[in-house]
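If you scroll down you'll find the structure; I have some questions about it.
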Amino acid sequence: MSDNLIILIPFFPLLAAILIAILGPKLLKENSHYVTVLAFAASFVCSLMLFFSVQGQVVEEGTSFESVTTLWTWAAVDNAMIDADGHSVPFLIDVTLRSDALTSIMLCMVTFIATLVAIFGAGYMHGDRGYWRFFAYVSLFVFSMTMLVSVSNFLLLFVFWEAVGLCSYLLIGFWYHKPEASAAGKKAFLVNRVGDFGFALAIFLIWINYGTLNFHDYVVDGQVIIPGVFGQMRLGGALPYVQGGMATAICLLLMLGACGKSAQFPLHVWLPDAMEGPTPVSALIHAATMVTAGVYMVTRCTPLFHASPDAQVTVACIGGFTALLAGLIALTQHDLKRVLAYSTVSQLGYMFLALGTGSLAGIVAGMFHLFTHAFFKALLFLGSGSVMHAMGNVIDMRRFGGLRHLMPWTFRTFLVGCLALAGIFPFAGFWSKDAILASVHDRAYPGAHSHDSQDSEHDADHDADQDADDHATHSVALLSADHAGSNQADSYTNIYVWLYRSACFTAFLTAFYTFRAFFLTFYGPQVIPDESGHHAHESPPMMWIPLAILAIFAFLIGFVSELDHKFAHLLTSTPSLAFAGMHDTMQPGGFHMDIAISSSIIAVLGIALAAFLYLGHQREVEAISKLKLVAPLRALSLNKFYLDEIYTWAVVKPLEFLGIIYFWLDRWLVDGLVNLIGKVPVALGSGFRYLQTGLLPFYSLSMVVAMLILLFLGQVLWGGG
Amino acid sequence: MDVSSLLLLSIALPLLGAIFIGLVAPGDRGSIRTVAFVISLMTFGCVVAVVSQFPTGSEMFATKSITWLPASTGIECQISVGLDGLSLWLYGLSGLLMLTAILVSWTAISERPALFYSMLLLLESGCLGVFAAQDLMLFYVFFEFTLIPLFFLIGIWGSEDRRYAAIKFFLFTLAGSLLTFVGLITLVVSVYNMSDSADRILTFSIPKLTDALALRPLDAKLQIWLFAALFAGFAIKVPLFPLHTWLPLAHVQAPTAGSVILAGVLLKIGTYGFLRFSIPMLPAATEFWTPWLLWLSVIGIIYGALVALVQSDIKKLIAYSSVSHLGFCMLGLFALNRLGVQGATLQMINHGISTGGLFALVGMLYERYHTRQISSYSGLAKKLPVLTFFMLIFTFSSIGLPGMNGFAGEIMILTGMFQKAWHGAEAVGGLKIVSVLAVSGVVLGAWYMLWLVQRVFFGPLVEPHDTHDHGSHAVHDLSFREIAALVPLCIFVFWIGLYPKFFLDRMAPTLDKSIPSAVANSSDLNESVAFAASKDRSLD
Amino acid sequence: MNGCWLLAAATDSSSAWAELGSKLSGTEGRAIIGWALAVLALWLIGPNSSLSRKIAGAVFGVLGLGVFWSFVPAMSFLPAESVFLLLAGLTIFSAVATISARSPVYSAIWFACSLLGTAGLFLFQGAQFLGIATIAVYAGAIVVTFLFVLMLAQPEGHAFFDRVSWGKSPRAVIPVVTMAIVSLIAYQFGKSDIRNHVKAEELVNQTVAELAGPDAAVRKVVHHQDGDVTVLEVDVVANEEALSKLEDSKSELQRSIGERIPDWSKCVVDFHAGTDVRTADHVAHLGGQLFGANLIGVEVAGCLLMMALVGALVVAGLDEEKKPGATAR
Amino acid sequence: MSETALLQNYLLVGSILFALGLTGFLIRRNLIVMFLCAEMMLQGVSLSLIAWGRYHNDWSGQMLVIFIITVAACEAGIALALVLALCRKSGSLDIVNWQNVREEGRMPYIDQEVPAEAMESEAWPTLTPAGIEPATDQQELYRSNV
């Protein structure tokens, strides 16, 4: 039953996309959103059914469950390669879909948020010339995303990886007449392409080392012909995973692909510019679904990452650093959507940090944060969308304010979103961020968890203004507690310690900039930009109802999933998470009261600071920003650490310059050489021209001389007679 | 009418048509171009009939040979034609692209249409002939024959300095092909001398030569020289890095139909030559030359992409992009394993389709605005949405977006290359760099194509200045004819993208035969055969 | 005192001289010397040189001729030799005079003399008809026409171009080139192979003369190397019994040749009956040949003459608008 | 007297004649003298031909000489007609006048040293060219009868 479900889920959006594409311009025009919403709802229902059937399966079998259905063989080259132990291995790519816990969770999340965004989009995009085009692209996107999470082959993962990139290119550049939009679209696609470059390299290396690109085992009447990369045989330990340098190389290249897609440190520059696209797009693609593809891929490849610890550390470092960097940049942004964009980058950094810990608890926490983050970030983006809708497409926070009375529903739902993002107690963000902090903490201080009771004294209040060394005292107290011999007493713990500290500081930053944006938008004197014209009022119900639903989920989802670790229990049943190696790592589920308290305190501090600075008249803000010490930092953060300029200067300009040189070289050297060869005969010809003197005796003399030379040669060479 | 005579008919038809149009058919442009179109349709019909009846297998199909030199002369040189896995799809591609070429030049050509269409049909018969020829001499005749019509096409109907381009194109290719001719003749003669059997005859038939050389290869030193001679002619046709300067010039000056066929088919003759002659017949030389050629093709990829980045003329940009794409084909060819070679052959077809389409589109743009400068265009999507739609499809197909044809070829080539560089016996350091650089070509490819699309089609609408005054015929979107020219190509773009197995199965047996050395010399082939055999049962 | 010094110098340098001499005496040496002398002669004799230089040139010319003549074996029969020398001398002297004569008229006349010499040589060779024909046709008709045309186009007074040649360097280069032809041919004669042949022929003539006496005459002797054996074919015009005598004396002849000529140690002689060009009724034979084998040639020559005639008329242009006269400006 | 010796003598004389003719043809600038030297070269060749004819006991030598003579005759006829035409056109018999067929970039040949006019140049009686009625005046006629 579950296999034809898995086919239906991507089929509906594809059908919708094709229908709209064909009928859109002429027939559907205004009401093409019905097709999309219907399709998304249908696929959401199917994914729910799949979710419950998978959950049922998991309860029964207890360990891991996956079912694979093959549609058709994409390409088959038999005995394409002779692998290590002499077998000739075929290059066999089947279009196969798999349904297991991880896929079903992702599918539910994607389809649910897509449906809400589609509804919101119908209202938001009302009256736009390319209305049908928008819904065609969104349906195409959801089709690619659903296929991406459910496909069971690295190559096809790469295929839909780029298909999703294509849809984001089309959607970012939706208003193509705006040069910035099309430039942003191009930038997004190219940066993703750089990521895909790494991903492609990883795929080739996997093909060489594992002889196959399938996740699952290729089973023919019971006998495993080709063991998949995450097939039962390999997970069960029958076949070893590649270790050492090659494993690290593969994982780092996979990480490069993930960075490209999930906008992590080196390749995050495209996400803030992607805000040029329509806001529902930002909500769906650049907050909830596409950017999470990287996290999904890293989770799927946990066995590979497990095989090389130093790759995991790199993932954690990249995640931590990106979170910190994005947090710092978001502090001073004055464009609401850009603030949210940087917050997304930061939260994704959190997820990668969690995955980087390498423990089962970390991975589950990462995925849990992904799950909850999708809801409240979508909520925040849609909220900003409705603000933009009301403010006549103005999103610059300096040009409007005090909208709490004007847009009550947006105000309330936006507040819920901010609270969830900041990680305040009952809201979803609290549970998932707490889980991440806990996993990082356990990874940083392996033995600390067992002495739960002693940590109570360190919840003393401390002022956020003090810089990081304050945290040092806090951690020293923890260090003093003796560490039981942790099983991974390796050298990375001090890195994780620093990562844990930066995570806490980032949590503080998150709370601060979220509520800074919140207060700037909704509090203070009511200012309405003149572009908004007549309709500066609450957005129609079709737009704020999805906001309400999302708000409810943002409020409840954390608590419900955390109840008796339902989420963790289901997720660990994914094959690639349920292999031997993972059992001895930190198990999920331990609720750390001390971490929870400290993170809540940090969050409250952040909010208080934001309130202090931004509520009422913001004299203090100007004062601080003028300070000698703060001004350069502020400029640095405002200009996104000049990363864009650095990239342009370091990569784009040199390549273009190289192109110019090559072109010059091509024109003068290579072409010049060819023309030179062309000129040689001409030169020779003109040389002989001057032999024609016009004098009869000269000609006869030359004749005689030539004859003599021949005679002489005859005489000398052949001896004459 | 059995298949082989159909094959022969498909080659002869355009020839006769050309003569008919060129000399006999009176009447204005309208009737001439319809006649030409009907002839090319009939040829395409024959081509499809032949291709559809191709049984998957490695031996020659639809072979027919008419004795040209009587046996008494002791030379076996016949007009023998036949198709096998390798030449099947290229043969089909030539038929297909001719339809596009004729449709595209419907309104573009005004002076001397009769001569134009006869030249085009001659070109088609040349292209079909080259791929169908199974006799060395016949192959060389067609190999040269394709040059002449294109020379006139570029020379007469080209744009501003067409003569220089035509002459350069002709001389450049001719010089190379003469060297190749020397190489081919020495090949034939050395095979004749080598065989000590009593009834040895000087045979030109390619299958016999290949089998003879497979049995007893020539000595290494001679092979290396022969390979060099063949390399000269074929490398110029495939524009391999140092010998590519004629291509951008020829493309920029050629009329649209000329560019479509030149990019679509003529460039493939070079790679086809390598795969038909150099690799199977000269294994030792291939081993010797492979590192050089791999480096040259990678340089071609990166160089082509980077130079394309700074072009100001659309056609030149696309021309340099085909230098880059064919660098990929050569890379695949000289990866010398099944994946690489099949990927390369598939990539030849993909490149033909996508670049053919791109040139057709640029032609249509040129027909409307009469300028190829990128700087004079912007935001055309608003005014020409259908053209932009097709442009996007072909751009994404050419940069190898998954789900379209470019991706299938590129992935197989790169996997093959990686396999050669990182895995197995000759995992040499240098080759590793080559394989990584090649993958970066994919990124550069996306960069310049998207830059082109964004610069020309998106952003605020700016039309070239001189189009406003002659408001006589306002610039309108693609007409039905133009769409009809592009749709068949789109069908193939998605067909190969979504289901390349259909094409690979028909190619695989022949290509495996042509690179036996690559797989054979790997360890204990027999053991793997057993393993594979058990699997064959499962696969089909 | 200086005498003995001279003697000492002479003795110790004599070896150098001897060595030089021996080297020069070789065929190459002689050819080069002859060549050099001839070139010097011609260089001096040019149309623009004064009389004294011409005389000097003549002297060198004679010396060069002497050297060249040393290549050629003298004919055994003295009177014939002297007649031949006389005729050859006449021809060559008048040829040189033709070139160096300043006025064209003198050149033409000197050319006529050389034709006479040539005719003599023809006769000496036994080609009576040709000798006469040369005198009649060549000297008589052609050279006279030349004079006739000269008079027509006669330059009043000596044209400077007759006196001046092409300036310094061509005058030097041209003789070098032309005389090279002669020295190359002379060099051929110096080859040992040909000299052996002449000796062998002398022997054959002697034996034939001794044995067959008057009624056998050697017409042609040809030799060719067949492996290490040299085969000598002799064409003899003789009756049967003379032939038979010759046959049986062949071995003895071969022995004598063997020891006389070192490198023809193994030699085989065979006699053939040969035709004879120098028969009495020479002109009858010539006519037979002319109208027998070469009939077509003769007819074609006839047409050629007719065409040349018409051509000459057309070119010379008899039509009226070209005023005759007024050529002598 | 050995045939070969005779042959060699003749060949030597023939080659000398040929060489002298060639030298004359190259050195002299007067059209007619050049043509004379050409004839002389022909003579040198016919000498050799005759010698070979006799040596090989063959008539073809003599045949060829006959043809040489006929050709020489034709040649003389036409060549002299041409020379006349050239002379009429260029005013003098000098070959240097006929050098404008040279490559246009090339410098013409100009005589550097022009020798002084020889003092003792005999004054040839200027015969009235053939074909012109001499101007006769009565007084002249009268004297001739005396």
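In order of appearance the chains are A, B, C and D, and numbering begins at 1 in each one.
In this text, a contact is a pair of C-beta atoms (placed from the backbone, for glycine too) under 8 Å apart; a residue touches a chain by one contact, two chains touch by 3 or more.
The structure presented is a predicted model; accordingly, all values stated were derived computationally and were not measured.
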Pair of chains ranked first by number of touching C-beta pairs: C-D
Most central chain, Cα average position: B
Centre distance in Å when chain A and chain C are each reduced to the mean of their C-alpha atoms: 105
Gap in Å, rounded to a whole number, between the CA centres of chain C and chain B: 73
Rounded Å distance, chain C centre to chain D centre (Cα mean): 20
Chain C residues counted as touching two or more neighbouring chains: 166, 170, 174, 177-178, 181
For chain A, residues that touch 2 or more chains besides their own: 697, 701, 704
Numbers and ranges of chain D residues touching at least 2 other chains: 22, 26-27, 95-96, 109
Chain B partner contacts - residues on chain A that touch it in the complex: 72-82, 86-88, 90-92, 155, 158-163, 166, 169, 173, 176-179, 181-183, 185-186, 189-190, 193-194, 196-197, 200-201, 203-205, 207-208, 220, 225, 655-656, 658-660, 662-663, 666, 670-671, 674, 678
Residues on chain C engaged by chain A in the complex (per definition of touch): 166, 170, 173-174, 177-178, 180-181, 184, 187-188, 191, 193
Touching residues on chain A, where the partner in the complex is chain C: 697, 701, 704-705, 708, 711-712, 715, 720-721
Complex contact set, residues of chain B against chain A: 168, 171-172, 242, 244-246, 303, 306-311, 337-339, 342, 379, 381-382, 396, 401-403, 407-408, 411-412, 414-416, 418-419, 422-424, 435-436, 439-440, 442-444, 446-447, 450-451, 454, 457-461, 498-501, 504-505, 508, 519, 522-525, 527-529, 531-532, 535-536, 538-539
Residues on chain C engaged by chain D in the complex (per definition of touch): 38, 42, 46-48, 65, 68-69, 71-77, 80, 84, 88, 91-92, 95-96, 98-99, 104, 107-108, 111, 114-115, 118, 121-122, 125-127, 129-130, 133-134, 137-138, 141-142, 145-146, 149-167, 170-171, 174-175, 177-179, 181-182, 185-186, 189, 194, 197-198, 201-202, 205, 218-221, 235, 274-278, 285-286, 289-290, 293-294, 297, 301, 304-305, 307-309, 311-317, 322, 324-325, 327-329
